[in-house]
Every structure is written in C-alpha cells, then in structure tokens.
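In what follows, structures are represented as structure tokens.
Each of the next two complexes has chain A plus one more chain, namely chain B in the first and chain C in the second.
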Partner chain A sequence: MVSLSVRLQRLRYRQAFWAWVFLSPGLVYFAIFLILPVLASVYISFTNWDILTPPRWVGMANYTELLQNSTIQRAILNTFYYAAVTIPVTIALGLLLALALNRAFFGRTFFRIIYYLPVVISAAATALLWMWIFQSQVGLLNHLLAWAGLPKQSWLVSPLYAMPVIMWTGIWQSLGWSVVVFLAGLQNISEMYYEAAKIDGADSGQLFRYITWPLLAPTTLFVLVILIIGSLQVFGTVLIMTDGGPLNSTTVIVHQVYINAFQYLRMGYGSALGIILFLFILLLALTNLRLFGSSTAH
Partner chain B sequence: MSQRTSPPLFPPSVGNRRRRARAWNPSLSLIVGALTLGAVIFMLPFLWMVLTSLKSDRQVRTIPLLLWPDPLLVEPYVRAWVGANFSQYTLNSLIVSTAAATVNAFLSALMGYTLARLRFRGREVVFTLILSTLMVPVQIAFIPMFLIVARMPLLGGNDLLGQGGSGLLDTYAGLLAPHVITAFGIFLLRQFMLGFPTDLEDAARVDGASEFMIFWRIMLPLSVPALITLFLLHFTGVWNDLLWPLVVTNSESMRTLPLGLSQLRGTLYTEWNMVMAGTAISVIPTIIIFIIGQRYFQRSIAITGLK
Partner chain C sequence: MEKGKTQLSRRSFLQLSGVLAGAAALAACAPAVSTGGQSGAEEPAAQSTALEMYTRLTNNEQLDTLSARYQDTHAGSQLTVSAFDGRDMLTKLTTAIAGGLPPDLVMIDIAFTAQFADRNVLMDIGPIVDEANMREDAFKGYDVGTTWKGKYISYPMWSDCSALYYNKKLMADAGVPSLEGPKSWTEVVEQATAVSGLGEDIWGFLTNVTSSGATWFLWAPFMWAAGGQTFNADLTGTEFDSPPALSAAKLWVDMYLAGLAPIECVSGTWGDVEGLFTSGKSGMLLSGPYMVGLMAGQYPELDYGITLIPGPEAGAASSFVGGDGMSIIEATRQKDAAIEAFRWMTDAALMKEIAMENNGTWIQGLPPRNSAADAEYLEKFPNYAVFIDALKVGTLVNHPAIFEIDKPLKLAFEKMMLEQVAVEDAMAELDAAGDEILQRYNSTQ
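Then we have the complex of A and B:
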C-alpha cells in the first residue's frame, strides 16, 4: 500500500504540473504582447527609426529634442490642463450624484442607468455626438444661444473654447463610472456609524464631514488614481473633434505619440514620448497613493 | 438599498420627528428635480442624435431650428449602412469583439482558476506579476506591438524572420492581437473563484477527476455570473477601441465602427444626418447590452472587492 505522504506528494506534483500547463498560454501571450513591447519601446526610444531602414542608436537625443520642442511642450501642458480640470469636476459631481442616488426613492435605478450610458459608448461616438451639438453654424447649442438672444460661438474652431468643450465631453463620458464606484463605496459604510452620530445630535453636514468623507477615502483615492491614468491618456475625443487644433490648443501627449509614430514615421521619437507619459502617470499615481494612501489605511 | 430610512434605535421626541420630516421631504424632491435636470442634459446628445438621424440634410440645416423630423426619413440610415459601408464595419466590430470577449473569458477563467485553486510554488509571484501589468498604459506598448504584429514570422507573406510581407496587419487576427487576455479578467475570475468552498474540488479529486475536468465541470459552470460580467465588459471595451484599429488596419474593408465613425466626417462638408445615423448604429448595440446586463456591469465592482 502506498503511504499517504507519497500520495500527497504525487498529488502536489500533479497540481503544479497542470498549473503551469494552464498558465503557459497566457504567460507566453503576456511575454510577447506586453513585456516584449514595453522593453522594445525603451530600446526604440533611444534610436532613430522610420521602420523602412534599420534603427540607428542616438542615445538621449530623442528625449532632449522632445523636451525642447514647443509643440510637445504645448501637448504636455494641455494634457495636464485637461487632467487638472476634468478630475476634480468628475470626482465632485460623481460624489454628489452618488450621495443623491444613495437615498431610497422611486426611479433610482433609472437615473443610475442614464448617468452610466455615456460610459459604455466609444470615444469616437462621444466626440461626434458633442461635435454636432457644438457645431458652429447649425449646432443645437448655438440655436439655443440665438434663441436666448446671445451671440453664437465657434466652439471647436476657437482656441479659447475648443479645450473646454473637449473637457466637458470627457467629464460627460467618465462621470457615470465615478458615480457607480462612489455608490459602491457608500454602501460599504456601515449604518451603525450614522446611527451613533445621530444619537449624539450630529447634523447632516457633520455626518458627511466626520463619517462619509473619511470612510470613503479609499474609494476616492481609487477613483482619483484611475482618473489620473485615464485623463493623461486622453486621445480619441481630441483626434476626432479637433485633431489637436486650432493652433495646437487641444493637442495632447498621446495625440503627439500617434502623429509622430504613424504619420511622420518617427518611431524613436514617438516611443520616447510614450515613455515620458508612462513616467508622468507612474509618478502621479504613486504620489497620490503615498500622500493619501496612509490616511486611508483603516 | 439605502438603510438611512431604517428606524432609529431610540424613538426621537415628537417635536424632533416633525422637524426631520419637514426637512426631509422638500430636500428629496429637490434632489430628484436636480437629478432629472442632470439626466436630461445627459440624454440630450442621444436624443438629438436620433432626431437628426431621421431628417434630410436640408431639414438639418434649416433656420430656425426644426425640432421634429418632418417627414421622418430612414434614408440617412440606409446611406450610412450601405453607402458608407457601415454594414461591413459592424460585421468587423462584431467579429473582433465577440472573438476577443470569448477567448478572454475562457483564458481568464483558466488562469484565474489556477491562481485561486491550485497549489504550486511561484503562485504568488505569477499573480503579482500579472497584476503589475495593469499599470502599463497601452500607449507605451502600442508602437512595438504594431511592429510585432507586422513582423509575425511566416504569416501574411512574411519569411521566418518576419520580413517581406505585412504580417498580421490589416487582418482580424491583427485587430484581435492586443485584446486576447487582460490582467483585469484574470484578477476578476480569481477573486470570484476564491470564494468557493474547497470541498467542491476535494470531492472531485477523490473521485479521480483531472485538474482540467474540475475546472471544466465544476469551476466554469459556477463562474457563469463572473464570466458574463467579464464578457460584457471586454466586448464593449474592444467594440469601442479606436487607437489600435487606427494603426493596424489600412484597407477600408477592415475598419471597425469607431474607426469608420472617425472617417465619416467630410473635409469640407459634413452630412450630419448620416453621421448621426452612423453614430446610432455604433452606440445602440452597446447600450442594449448594457441595459440588459447592467447588474453584471455593476457586479464587477463588487467582485474585485473595491474598498
């Protein structure tokens, strides 16, 4: 008779064997389509490469050129401007709507679905929907302005208004997501805290300030980090609504990556900009996790 | 469900209750009013899309504004579907999104099962590695990814070294390439399967079932809710992707819907009724999917243990 320990040993080997068999297709895929590209991207960023002729090593040249180029500087500034406006607004409105929807009333689910709808459609569709509303000659908004006796505006062809319009579009698209995440966060807060505070005579402002806000901090942090990652990568709406114009007033980092790599065939330059973007994201995400992560560790 | 309306532990004094009741009702109707206003603003582009897509080009441009299409026209839809080739784009989007969502669901389940239920050395390392790939933005990987797809050995006229042809560029396989597995999917399924009691597979193992049989016969059927969630999320994600189809396709017949949409605008003159019809064709499937499966969408947040 085979002893129990030998059989257990055999079972363990068998499990380990099958575990690696099951993991291997996925791991090979990740290696080829994720890890290899990331490493290659670092290498390419140090070269001059137009795909047609072999890459030529140029060291840091792409990076120094990038940071001195005024269009790239503009793209970086625009990207941060976009993030700095859309993130606080999406968080504030998202939280406000979540607080409203967290109450019991008829039609709650209906509102939740409505606010979430823009999340499930493409950036391309989002861009076209709002381009049509903001169209300068016969767009709905200008019709409404004319009706109210106000002057029409050339929204997307104006260096002043084009970026705010793109920002509004971005907020419209991501707000529903932040509402749903905040709602999930709110429902994780135990009712006990509120009951206890009410007995102590806390008003609703105090309930929010001393219970909801601090206990929601991990959710807020999560929303913040995901929005940072998303907004620094804004691309689809920009490409379709303005293609970076007018006068580069709406060009953003990923737009420049795309233009340089696939329109000018400057793979090295484009890759270098991609890596700079990654460093921005990493830096901002880690800073936030550091700054606010400690205060959320209950 | 909100529990804020549950009875308090101690009955409040009568005066107190009356004050609360008076403060509660107007504020609730105020909230519902504000929510309704917000909802109208949120739905406005969709509403305007539908109305515009049923008008003629002349009706679209009349001043003063013509609110309701008169007569109702389906012609813009025909022009988008046939004339602008949206039938082909819809088919392409359907093929790529369905294939990506199916393969991703299966492989995520298999890997999630392995990482949640099997015991082997290196499990935590592999899991951490997979999770860390979530941080890599597509933008950093998509230039080399394009090159890898273009230089696939022995495919699309390429030789063994990946030279000479166009590889998987401009093919369904090329469109599919970056969407086959997602770290998020593995994470979602792993979290879901961690919750099953261990007796399930122990009993099967005693009966001599293989690890794959345990996965196929026990784990997969139990994971159906999580699989549906993942399928829907990934389907809409791939359906909506613009950047990758933009770089990986050349020919008009390989375009997906977002790419087709992005090219629909004329350089000098845009027929907005047709553009809105094309937009409607591209958004209606995901909206229907979302409305039918909305509890699955929201479940993903619960499963991944967002706290």
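Then we have the complex of A and C:
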C-alpha cells in the first residue's frame, strides 16, 4: 500500500507538471520574443554585423568606441538632462492636478478626460502638433508673442530652446498618465485618516504632509520608476521634431541606437549602446527601489 | 459499452486542449504560403509570375498605373509595388533580404545603392543595359552612381537634381540688372545682398542643412562646381579640407553670417525654408524639379526663374544628380521575369509617354534618359530644361558610407553657422570624421 506521504508527493508532482503545462504557452512566448532577443542583443553587441553579411566577433571594440565618441557622450548627457527635468515636473504637476481632480466639482469628469487625452495620442501626432505651435516663422506661439509685442523666438531651431521644447512635449504627453495613477493612489487612502486628523485640529497642509504624501509613497515610487524608464527611452518626438539637432543638442541615447543600427546598419554598435541604456535603467530602478522601497513598505 | 468509458473526463479534456493549443501555436509559427515567388516553392511558369518591387514612394499614382499596365501587357503576370516611407525603406529592404524573403526588384535612392551593392545583394545588370544600348542614353551625371566596383548595379529610373530658383520680382525690385539668375558666386552674393536689403523679413538666399541628405543635395554642387571632389581616388578618405570645399563652405557661411539667410537654413525643416520662398520672402532657393509642379499648382502668381548652381567663375556649374535607380535583387527566384519587368519599366518610350501625359513628371521627377527627355519633351516643358542640363553637368556621391558621413557634414555647417567656428577648423574636423568613417568601413569589409 502506498503511504500517504508518497501519495502527497505524487500529487505535488502532478500539480507542478500541469502548472508548467499551462504556463508553457506564456513562457514560450516570453522566451522567444523577450529573453532570446535580449541574449541575442548581448551577443550582437560584441560583433560587427550589418544584417546582410555574417557577424564578426570584435570583443569589446564597440563598447570602447562608443564611450570615446563625443556624439554618444552628448546623447547620454542629453538623455539624463531630459530625465532630470521631465520626471520631477511630471510628478509635481501630476500630483497637483490629481489633488485638484480628486475633489468634487462640476465638470470633473470632463477635465479628467482632457488631461488623459494626450496619453492616447501617438508620439508622431504629438510631435507634429507641437512643431506647428513652436514653428519659428508661422507658429502659433510666435504669433501670440508678436501679438503681445514680444520678439519671436527660434524655438526648435535654436540649440538653447530645442531641448526644453522637446521636454515640454514629453511632459504634456505623460502628464495625463501620471494624474490617473496619482488619482488611483489618492482614492485608496481611507477618509478615516483625514477625519481623525481633522478632529485633532490638523490644517490642510498638515493633512497633505502627514497623511497624503506618506500614504502616496508607493504610488509615487511606481510613477517615478515608470517615468525613469520612459524618459530614458525618449525617441519619437526627438526623431520627428529635431532629428537630434541643432548641434546635437537634442540627440538622445535611443536616437543614436536607431541611427547607428537602422541607418548605418551598425547592428553591433547599436546593440552595445542599447545594452548601456539597459544598464542605466536597471541601475536607476534598483537605486530607487533600494532608497525608497523600504519606506513604502507600509 | 459503459457510459463512463465513452465520456471525456475533465483531465482528458484539459490534456486534449493543451495538445490542440500547442499544435495551434506551432502551426501559427509555420511560414505562410506565399502567392509570390518568394516562398521557396518552385518557380512558376514563365507566363505566370508574381513579382514584387520595393519603393520609398508611398501613394505614387504613376507606380500604381505602371503596375496595372504591366499586368495588362503581360498576361498572367503580377507586379506588386510595396511602398515604404523613406526612413523605413532601407530597414525593410535589409531585413527582407536577410530574412530570405527579398523583393524581386527595388527602386532605391540612387545615392544609397552602393550600400547594397557592396553587400552583393544586387544583380550586375551591365549586360542587360548594354544589350539595349541604355548605358549611354542615361544622362551623364549618372555615370558615377550607377556602378560599384566594376558592376552596373542600378539604372536611373526617375531623376531629381538640384538647381537655383530665383524670384524675378524681388530681383527687379532690388535693382538686379539681369533677370537671368546669378552665373557666378560673386553674382550670387551681390544679388542676395541686394534682395536682402528690401526689408527685414526678406532674405537673399535660402538653403537647408537640416533635412537628411540636404547638405549633399544643395551644398556639394558648389564644391564640385569649384573643382572639388568628395572622396580621394581610392575612396580611402574625404576631401572636405581641399581649397574648393573650403571656398564653397565659406560662401554659404559668409552669406549666413552677413544676414542674407535665416536661421531656418541651418536648423529649420525643409518646409520652413520652402515656405519662405513660396511666400515671396526670398530672392533665391536651392531645390529640385518637384517645385516646378508645386508652384504651378499652388503659387501661380510667383514669377520665378531657374538657373544652374554656379561655380566661382561664370561658366562653371554643377548639380547633385539624384532620384531613384532600378535594381534587380540577386536572390530573386524569378530572374527572367524580373529582367523582363526591368526592361519594360526602364523603356524610354514608356517614360516619355507617361511624362508627356503628366505635365512632364515621370514617377516622382524627370525622365532620366536623353531619348525620353528629348527636344519634343523640352519644347512642351521648358521649365525643366535647366534641370535636364543639370543632369548632364552634375554628379553624385557614391559610397556605402555616405549616410554615415551625412551627420558630421550637417554638424560642421551647424558649427560654422551657429557657433561661428572657423571654416578651416570645422571643415578639417569634418574631413577627419569622414576619413575615420571610411577607414572603419573599409576595415570591416
């Protein structure tokens, strides 16, 4: 007679077997379309490959070349400049708008839709829209400036203003997403805390400082990590609005990946740059989780 | 039979479902059956073929017409035109070839043909071209771009080239004595200065270095007209620090720094620049033949002339001879049918017939053959005469790394114009960057 422990073990094996069977379609998809390309990209980054001829192993040559390339250095700096400005502004504006839209007022749903609309507009359409607004000769903004008696500005054609315009476009596009996530976070905070604090005499500033902000910490961390990933991967607006110019003032890492891999057919070099970007994102995400993860555990 | 034995248990049902799902997933990964000749199946009978041609021209009505006419004249044959936006074209073609599903024919920017020819993916069409005496019939400017390492790899399909447009009214208002357009660099500067003096928002000269390839198309002819070359004889280095290149760069930079050209020339879009000319705010604009049709349709009131891009002295001129070339993919599985389609589409009589019916336009530009753009054609479309001359005196840059050199070329002009870096320094830096790109490219071959 089979003992109970053996039967239990068999049951566990059977359960595990069927678990793997039903997980396998997802795992196969994940392996083929995510894991394998990542591994292939790592391999390609050590080769010289133009797609049409077989890859040649070049060791670390692509990595050493890209770290010495002044355009790549500029692209890395620009990417971090873009992230350093857009992330805090998007978080701050997103939180402010979420706080405003969390209150009951006439037309609240309308405003929630309006703020979310840019999120569902494609990057290409967004870029074209803002190009028209910032166009230096016939653009809407310069018309308004001229109407107000102010001098016209060379927005996208100036190395000084081009990146701030790209940043503004990025903030405009991602703000709605940030608002929605913060709204969800705010609605998860129980009214009980506010009522108790109000009984204790807390004013609105204290309510925000001691209740809203700490209890929104997990949401803020989530928004922060997603915005870091998104901002380090900024590409579409750059490609369409400035193609990295003028004077490389708006070129970013993914723009350089695209140019090298798909225009110059330097797949190895482009992959090496992609790996560097991956490491940057990983490092920043882990740093954030390490710094803020424990404080949000509650 | 017992009832319990005939029913499917829940476990069996789940097992069966899993097997079917797996089979379905595997079936989905299997290659689809193609109706064309690229499926790896045996070549269909000669009279029944399905060819595919890639092009960067999206929504081109003439290509659709050609495809339909090809089918009408070749019973049982099909010519599918697959169009990809300019930026995506090279990527699509590269991945299609690498993936083993190449098109049979490709109409590609003739300046980028060497990129594919150097990877041995284009057929040597020299024998086909020579058999039909087509080589000499193509405009002389195409002598450079159609060959690579001794192989004839692309026959000019439609022509584009650069020339100088000028606004006759502004020239007259500015007191320019001749309305024939500038014939030397001195005249370019004099006339641009005169027109620029007409008002704060009136510019003397317009160009563009921002758009992809614009600097090649618009500036390189100045260098060539001054006697310069892009590459050295053995294609191991660039010649951007040569005296002709320096003088051509200085001409542009000096005009910009003197306020004869707006900032849009350095960092605006092509649309920004074109808009300034079509709105009557500029004396001169460098552009291609497509603007003739644009102005006839949208700006008929604009009184303009066209002249060749001049050299430093009167008598010298040049142009960037571009457009698309037609190539046959080496790996096509329908070689005979592809050759027949190539012959049919590059036929001079067909080019002329369609151009004559379409205001002189053939596909996206001008006919590239002497026998197509002949006296009858020029008599009917005199505005294109300068461009036909340009196709005879102009030339082309021909190297697989031209795309890569475009970025430092653009950057050099931005540095000279926006940061006022000395022309000699910026061009020396450009030359070094060009040399490095060529050396790296050559070392990987």
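Assume the second predicted complex is superposed on the first by the 272 of 298 C-alpha atoms of A that agree within 3 Å, B and C clash if a C-alpha of one lies under 4 Å from a C-alpha of the other, contacts with A are read in each partner's own complex, and residues count from 1 in each chain.
As a working rule, contacts are C-beta pairs under 8 Å (C-beta built on N, C-alpha and C of every residue); 3 or more make two chains touch, one makes a residue touch a chain.
The shown structure was predicted, so the numbers you read here are calculated from the model rather than taken from an experiment.
A.B. asks: Could you check whether chain B and chain C clash or fit when both are placed on chain A?
C.D. replies: clash
A.B. asks: Is A:143 touching anything from chain B or chain C once the two structures are fitted on A? First, second, both or neither.
C.D. replies: first
A.B. asks: If we overlay the two complexes on their shared chain A, which of chain B and chain C does A:11 touch? Say first, second, both or neither.
C.D. replies: It touches chain B, and chain C stays clear.
A.B. asks: Looking at the overlay, does A:37 come into contact with chain B only (first), chain C only (second), both, or neither?
C.D. replies: A:37: touches chain B, not chain C.
A.B. asks: Return first, second, both or neither, reflecting whether A:219 touches chain B, chain C, both chains, or no partner chain.
C.D. replies: The first partner, chain B, only.
A.B. asks: Taking the superposition as given, does A:135 touch the first partner, chain B, the second, chain C, both, or neither?
C.D. replies: After superposition on chain A, A:135 lies in contact with both partners, chain B and chain C.
A.B. asks: Look at the residues of chain A and decide whether chain B or chain C touches more of them.
C.D. replies: Tallying touched residues of chain A, the top partner is B.
A.B. asks: Tell me the contact category for A:56 with respect to chain B and chain C: first, second, both or neither.
C.D. replies: second
A.B. asks: Just checking: does A:257 make contact with chain B only, chain C only, both, or neither of them? Give me first, second, both or neither.
C.D. replies: first
A.B. asks: Looking at the overlay, what does A:25 touch: chain B (first), chain C (second), both, or neither?
C.D. replies: Both partners.
A.B. asks: Take the contacts of chain A with chain B and those with chain C, and give the residues found in both.
C.D. replies: Common interface on chain A, chain B vs chain C: 18, 22, 25, 51, 131, 135, 137-138, 262.
A.B. asks: For chain B, which residues count as touching chain A in their complex?
C.D. replies: Residues 1-6, 8-10, 28, 31-32, 34-35, 38-39, 42-46, 48-49, 52, 60-61, 63-65, 107, 110-111, 113-115, 118-121, 123, 126, 130, 133, 135-145, 147-148, 177-178, 180-181, 183, 186, 205, 210-212, 215, 236, 239-243, 246-247, 257-259, 261-262, 264-265, 272, 275-276, 279, 282-283, 286-287, 289-291, 294, 297-298, 301-302, 306-307.
A.B. asks: In the complex of these two chains, what residues of chain C are touching chain A?
C.D. replies: For chain C paired with chain A, touching residues are 14, 18, 21-22, 25, 90-91, 94-95, 97-98, 115-116, 119, 121, 210, 212, 262-264, 266-269, 272, 275-276, 401, 403-404, 407, 410-411, 414-415, 418-419, 444.
A.B. asks: Under the definition above, what is the set of chain A residues touching chain B in their complex?
C.D. replies: Within the complex, chain A touches chain B at residues 11-12, 14-16, 18-20, 22-23, 25-27, 29-30, 32-38, 40-41, 44, 51, 97, 100-105, 107, 111, 113-118, 120-125, 127-133, 135, 137-138, 140, 143, 147, 172, 180-181, 184-185, 188, 191, 194-195, 198-199, 218-219, 222, 229, 233, 235-236, 239-240, 253-254, 257-258, 261-262, 267, 270-271, 274-275, 277-278, 281-282, 285.
A.B. asks: Hey, which residues of chain A end up touching chain C in the complex?
C.D. replies: Against chain C, chain A makes touches at 18, 21-22, 24-25, 28, 48, 50-53, 56, 71, 131, 135-138, 154, 156-159, 162, 242-243, 245-248, 259, 262-265.
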